[in-house]
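Listed next: structures, encoded as structure tokens.
Each of the next two complexes has chain A plus one more chain, namely chain B in the first and chain C in the second.
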Partner chain A sequence: MPGKPIEGEKRVFMTGNEVVAWAALAAGAEIMYGYPITPQNEIMHYWTRLAPKFGREFLQTEDELSAGFTTIGGVLAGKKAFTATAGPGNTLMQEPMSMAEAMRLPTVVVIQQRGGPSTGTVIYSQQEVTMTTLGGNGEGMRIVYSTATHQELFDYTIKAFNTAWKYRFPTFILGDGYQAKAREPLTIYDPELRGITMVPAEPLVGKPGVPGVDRPPVHLRNTYNVEEELYELVGSLVRDFERIAPEVAEYEAFGLDDAVLAVVSHGVVSRACKAAVKELREAGYKVGYFRPVTLRPLAVPALQEAAQKAGRFLVVESAQGQLARLLKDALYGSTAEMLPLYKPGMGITAEDVVARVKEILG
Partner chain B sequence: MAKVSRILLAGEGGQGVQSVAEILAEAAYEEGREAVYIPNFGVEQRGGVSIAFLQISDEPIGSPKFNTGDIVVALSGRAVSRVRQYVGPETVFVYDSSIEVEREELPSQAKRILAIPAVEIAKKELHPRVFNVLIMGAVIRATGVVSEEEAKKAIEKRLGYKFAQDPKLRELNYRALERGMELVAQAG
Partner chain C sequence: MGAIGERIVEAYVGEYASGKSEVAVNRALALARQGRRVNLVDLDIVEPFYTLRPIKKKLGEQGVNVLAWDTREMIGLGETGLVFRPANRWALRLPGDVILDVGYGVGGARTLNLVEGAGEDPHLKVLAVVNIARPMTATVEDIVQYVQTLGRVDGLINNSHLGGETTVEFVQEGARVVAEAARRLGLPVVATTVLEELAAKMGPRDACGHPVWPIRRYMDRTLW
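And now, the complex of A and B:
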């Protein structure tokens, strides 16, 4: 029996891609399926280097469609399976993940966003929000964690496996090229040591016993003959998703009580926003900070409260309003004003946010 | 905002700017400080100007890239024009004096502009291979982001296996670091 990938806990200094590989190992992922694309390549590289030492496996497929479907195959066979992709690879990934949504399969996909549309840049963006939260044909019944730091990349990659296997919805870690390629310090750990119990995987097909006699038959479908059947399925997906949403949704906020403006952002951009809001508050500006950690489902009641308190949002993102669109949907009926700081495919610094807030508040 | 030291290094592929940033980041990390290092990367495998963004602070750091550096180092003619946008009125701009550049091509908005003969000294006094360590010495002296001692430890950590085979290399690297520090001291 190979030892644990991480004994106890350890302070390390590494790239985000390396962090994801370690987190997947620590979470007990058994196999990664993947196809190379920048900026997620090193997840595969580190995984292929580390996995054999701990009895884990890797399969390189011919493209991202195949990487997604083989991940589904791994999950059906009862393996904790995951894949990672970016940009145009994420586009192809939507087809298999739509199937995972239909069949309630606990797939885990790590996205390191790059610039779009199309090949765009291999560098960075937050332009895969719409696709990752709502992509594929279907209703977007999936869970998306948007991480901001290497520590969160580690924590939430572990959590994603538990969320997926507990709730049986496709689960995504939404990172980006900056998080993928930057090096920064974090603590990696054995989840057990932190009181995290990993939800065990189990085969979804080929179970023991006679179907219909010893156990209910497994009937996984993605094809339906009549509208009513599909309608019933989608209804149950939506109901289940809405039921778990309050349990799954996470956010981070401060400074809202006296705020006349709330800066709303997600992922790596929230680091700049947090620094900016702290600086502005020290300078006497009544500015609050709100950051959804889960982009799907959103923490709707908390968001509504923030909108009511601040009355005005400054939405900051490295995309042309993809986060804002999700917020507007969640806040329908609210009179809160939404002001933009959109820089699609470009990094955003604390200085950019401070300058924009001062422009708004005078 | 907490004081963050922002360092930008730019040069041609092979000049070792990425290793300098990485070693400095590790030195800061070993000192128990926050550090974020990110290279610029694109579709090109060769041929572009290589840029390293490095930030060191005592508190968590915001975005991995930044608009303006405290110190901006350009090690080639192309790098000088490429990094101009990162130079502000508080920036110390350092470039190699062997670069043939017109005065108006230099970022005149900088607080200070230092020309140091790093290429020449690495070639004549030391060895071209330790050019980047010399640059590292210059950055340390200009910013004080990490101590000389911690920088030496980080070099040891990275190149210790080579030093074990040839102890003279250690001496060469340390001398390069010290010479880099001297160059900035003299230029200032």
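And now, the complex of A and C:
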């Protein structure tokens, strides 16, 4: 019996991709399916270095379509399975994750965003927000955590496994090339010691007993013959998703009470925004900070309150308004003004944000 | 420049993100400050992140001859690995000291084979950079096992740190662990590298008697 990957807790210095591999181990992931793509490769590299030491497994597939579907296969067989990808790989993953949505399968996919469209750059962007939150045919009933630090990459990767297996919606960790490659200290830990109990996986097919006699039949479908049948399924997906949304949605905010402008961002860009808002507040500017941690579902009531308080949002993202589009949908009917700082596929610094806020507030 | 025997030729190898480039850059600059002629060679063809390319000009201004690609000379960065820069093959034929910054892991260490004369160079020292805050090289056993996979290694560098949270105690703990690993491997610990502000507190030698090389962080500006 191999030991625990992490005994107790430990302060370490890591790259973001390694963090994901260690978190998946700590969360009890049993198998990773994957196909290489920059900038997520070291998730696979470290998983394959570590997995044999702890009795875990890995399968390299022929492409990301296959990596997504084999992840589903692993889940159906009762394994805690996951995969990781980026950019064009994420595009291919939409088909299997759409199937996971249809069948209510618990899947965990880690996305390290890169610049697009297409092959684009390998380094960094926030241009996979629309695709990760709403990609695939169907209604995009999925959960997306957008992380900002290595500590969050560790915490939320562990959390994603529990969210997926508890609610049975496809669950994504949305990182990016900067987080993947950057190095910083964090604490890795055995989740049990933090009071986190991992939801066990169970086989969804091939259960013992006679279907319909000893147990209800397992009926996992992604194909329907008539409109009414599908309509009923989609309705139940939407209802369940809306019911759990308040439990799942997370955000981070400060300085909104006296704010005349709220800086809204997510992921790694929120680090620059946080630093900028702190600096601006110290200089006497009435600026607030709002960061959705879950991009789907969004923390809608908190967002609405922030919009009402500040009256004006500066939306900062390394994309051409992909976050802003989600915000506008959530805030329909609000009169809050939405100002952009969009730099698709480019890094955004605290200086950029400070300069833009000063330009707006004078 | 002194006699031929004093030529310094060092290749820095080791675990991913162990600090190879940071140590190599600082070593090259330290030698340049002594008035030596120094060539710093980017041999990292494993991945294009955190390499010397972005600070090439800056290092040049400080008297180091940097052998690395310019970004505009490259295409398809990162997707298919990097193309070996032809001039770097002849780096050991250059006059002066040569510091080789090698890509990570076994794949990185093998890049040394592409450098003409690396096998016979009488001055070449291959140094493995170790940070005990990196979980794959956290314990004596881990380090011994890891270094044994790298092929030729002539000495270890203790580069144990926790980024901005590094303390003298942590560096000293690294020195003890790395010293024990080095003893089992039959290798010397060439130096402990530590940020200048902490080095001032440690003095010229660490708790195990290894020389302390003060360093500055350059690589945090080189992600891309």
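Of note:
Just so we're on the same page, the second predicted complex is superposed on the first by the 362 of 362 C-alpha atoms of A that agree within 3 Å, B and C clash if a C-alpha of one lies under 4 Å from a C-alpha of the other, contacts with A are read in each partner's own complex, and residues count from 1 in each chain.
Here is the rule we use: contacts are C-beta pairs under 8 Å (C-beta built on N, C-alpha and C of every residue); 3 or more make two chains touch, one makes a residue touch a chain.
Since we're looking at a predicted model, the values are computed, not measured.
In the three-chain model built by superposing on chain A, chain B clashes with chain C. In the superposition on chain A, A:204 makes contact with neither chain B nor chain C.
Judged by the touch definition given at the top, the superposed model places A:174 against neither chain B nor chain C.
When the two complexes are overlaid on their common chain A, residue A:271 makes contact with chain B while staying clear of chain C. In the overlay built on the shared chain, the residue A:348 is in contact with chain B alone; chain C does not reach it. Shared-chain residue A:42: touches chain C; no touch with chain B. Using the contact criterion defined above for the overlaid structures, shared-chain residue A:121 touches chain B and also reaches chain C. Of the two partner chains placed around the shared chain by superposition, chain B and chain C are both touched by A:182.
In the superposition on chain A, contact is made by A:13 with both chain B and chain C. In the superposition on chain A, no contact is made by A:319 with either chain B or chain C.
The superposed model puts chain B in the path of chain C at one of 98-106, 116-124 or 134-142, which is 98-106.
Comparing the two interfaces of chain A, the one with chain B and the one with chain C have residues 13, 38-39, 121-123, 178, 181-185 in common. Against chain A, in their complex, chain B makes its touches with residues 1, 22, 25-26, 29, 34-43, 60-68.
Listed in rising order, the residues of chain A touching chain B in the complex are 13, 38-39, 121-123, 149, 177-179, 181-185, 268-269, 271-272, 274-276, 278-279, 347-352. If you check the complex, the residues on chain A that touch chain C are 10-15, 18, 22, 38-39, 42, 45, 49, 119, 121-124, 178, 181-185, 188. Against chain A, in their complex, chain C makes its touches with residues 16-17, 47, 49-50, 77-79, 131, 133-136, 138, 161-165, 223-224.
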